[in-house]
């Protein structure tokens, strides 16, 4: 990417103050700006950096008034943050999503179909009877098992594994190394102490606009479907067991694990390293703090929970503040006992 | 798969009540049964669904007596749950294990051998001097390093990595993205604050009937072997460090981590997110609750443990119930102090 | 590898006591030594094993004096542990790092370059405009995205994914299935409850001598770089979010997670399953116990922390020892209340 400041200003419907023929090739943080980079100033906290930045240009809002001399060029727009976001999206689109066509060797079973404007990277694998939409990107080392369906504009990043019978909607993004549709962990104990594998014949359904992070795992249902509803965003190394349901627009941070058959409501925010037992329901709009253990259903919408075994967050913090001084608590009891 | 109800009844040695020429193509949960599906009823809790299900047929036990009119056909068998399990296994076998032969391109070093009825998926890799048994499935993007031995009927799912010198028994299943035999985490601190890598020259041995979940990691031994004994079942994203031993028929749930040189007994049940320090021994038949931290050896067989730092589970729950009201505990002490 | 004891003694500048023509092909633990193996004795605790070992030879220090008859040959050196380590390194070098050349099919975009003495395994993928140094090993199923730079002597193990724009130094080791440079987890909440993806246009930089464990994930920066400084050692299944900085020679054990924009100092030791919130700073030389939750910056160098919400380790252990007997604590308060 190489643009003149004039071209950038045209894209953003803004105005250059400085040399509109200078060129930028990169987006920089204002405090780390270097020659050839373009930054933005939207937060007052960063104002001092605009006088020192080496960036070639800084996007500012229409009401920004410098109080000292500037070394950098300005691009003045209606709203600097929105302007920069627009540029960020354009840049990202140019850099990351432009792959189209087929790199060889790749593997596509003759019984499967893939839409227009798609990308299949070298060493990508698509099994039998798959139906894959338009503008889908199947990167290198992706495995797509038999009978998988994928909607339009979905991106499957390098090395992700989409197991047989999975259904993925439109505009989804599956990050590198994620595994969708692996067998659920189901074993029937036998009388001699061994375990017999319970066949897992269900699948995984990801609705539209779902994102699954790098090296996350979502197991297929024993029967029926493990279901991730539209707009849910799942971070790296999250484990979702068989028959779980994750509600619309629920966000789940890294290293969280959800056990089998649990149903998470919509618009929940689940922080990192949370553990949730199986066969429970979590109400809509629940917020769960990092590292929390959830052992029973949450029935009331809008609760905020925290703790080794989850409690109302305020109560947990109160109890923990006393836990921290339990040594002196015991001393006070001993003192009272002596004085009797 | 398409079977008439008559054919299904013949497989299960049962009897159709209804139209034996109707066809089923799918196994359904009774509460989600649709036209073309076959369900089962084995738990009284689900009895109401049999009157409403849209499934084409439901497998019931010989003593089931409907109390209302049914829309569905019945297949009456000795024991509905066993009958359904039999069907589930037959279905799973048909759908998941039927791959045989070689898809190209694939890589097999000339010095390695593989048995009869095997499957090697496209982009699978088998290094030098490997010995691989009959009916083994090596799916797409699997890496098998040099000098690996694999027994009969073992399935290596897409993208699993079996590093050099690993030994895998018969009837094992390695799920997608699992890494077996990566280097142990061993570094010797040097005087200047840097670390020097300690070579990890041991291997991993998986005995017969071991299952390893998606994206789990089992490190090779520094010297000797990391050993997973027969029948052990390991869930997704479990970390097993160098020189660990896991006993026969021990079950380990997702996101648990076991540190170096620890020895876990047989028939243990270890829940999700457990952390176990290195160089300890866990007795046979130990049960460890989710998210528990184990910092020392467990000597007595049959113990049940739980807690941030593990305690007997009942004691932990007693202590935690008081932790929850520590605020009022302190109030009571303050009250006592005032009254002196 | 097959060496006579005479050859081994020559490498170690030691002296054979026994038959210098016997051959060894393997390094064994002394307590598990078998014919054809060579062991060492450096720790008195293991002295009894030297009289029973079946190993062909044992490396001993110059001052070792047997008190009974030996079945094994000895190689006497200045320092047995150092001697054995030297052998271990030589063995490891021979077994693990000897791959050179190209296995086909592999993919290397014409715009990319790779140095001398390199290895590219079958099904390895190198995208556009990459610059890769000498003696680099790119194993099977490795993905190297566009514009990646890799220094000399770096090993990328099977199935690791190095996403676009990543920069990796010299002598690094990336273990199987690790993902470097996946998109950070950044979503902007919209008024209708949905989330919009924030483009992640930064990269990851690994300086020299960095090790990243199997199936770990390091996200790229939103802008700028996620930075792992020289000599840092990261274990399996560690999650490092966007814009994190990890200091020189810091060691991070398995299943730890570090949230976005946090900065970890140098020479820290972070145990397994630790969770660290975003946007904080951890001082140099901090030690963090397993399973600890860190919710705020650590300002003082040399602190040792532990606990569900981190505390000074000694204080935590004191409080936890009282937590364990909270049942009896409440009994004592009840007793005091009765006696008033």
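Letters A, B and C mark the chains as written, and numbering starts fresh at 1 in each.
In the analysis below, a contact is a pair of C-beta atoms (placed from the backbone, for glycine too) under 8 Å apart; a residue touches a chain by one contact, two chains touch by 3 or more.
Quick caveat, the model's predicted, so the values are computed rather than measured.
Trainee: Please find the path from chain A to chain C through touching chains that uses the fewest steps, and give that number.
Mentor: The fewest steps needed to get from chain A to chain C is 1.
Trainee: How far, in degrees, do you have to turn chain B to put its CA atoms on top of chain C, rounded to the nearest 5?
Mentor: Rotation angle between the two copies comes out at 120 degrees.
Trainee: Are the two sides of the chain A and chain B contact the same residues or different ones, given that same means over half of the numbers occur on both copies?
Mentor: Because under half of the interface numbers appear in both copies, chain B and chain A meet with different residues.
Trainee: Determine the centre-to-centre distance between chain A and chain C, using the mean Cα coordinates as centres, and give it in whole Å.
Mentor: The answer is 26 Å.
Trainee: Mind checking the centre-to-centre distance between chain A and chain B? Centres are C-alpha means, answer in whole Å.
Mentor: 26
Trainee: Counting only residues that touch at least two other chains, what does the list for chain B look like?
Mentor: Where chain B meets two or more other chains at a single residue, that happens at 105, 123, 141, 159, 177, 215, 237, 255, 273, 308, 323, 329, 333, 336.
Trainee: Provide the residue numbers of chain A that touch chain B in the complex, in ascending order.
Mentor: Residue positions touching the partner: 105, 107, 123, 125, 141, 143, 145, 159, 161, 163-164, 177, 179, 182-183, 185, 187, 193-195, 197-201, 215, 217, 219, 223-224, 237, 239, 241, 255, 257, 259, 273, 275, 277, 293, 308-309, 311, 315, 318-319, 322-323, 329, 332-333, 336, 339.
Trainee: Can you name the residues of chain A that touch chain C in the complex?
Mentor: 27-29, 32, 85, 88-89, 91-93, 95-96, 103, 105, 121-123, 139-141, 157-159, 173, 175-177, 209, 211, 213-215, 231, 233, 235-237, 248-249, 251, 253-255, 266-267, 272-273, 290-291, 307-308, 320, 323-327, 329-330, 333, 336-337, 340
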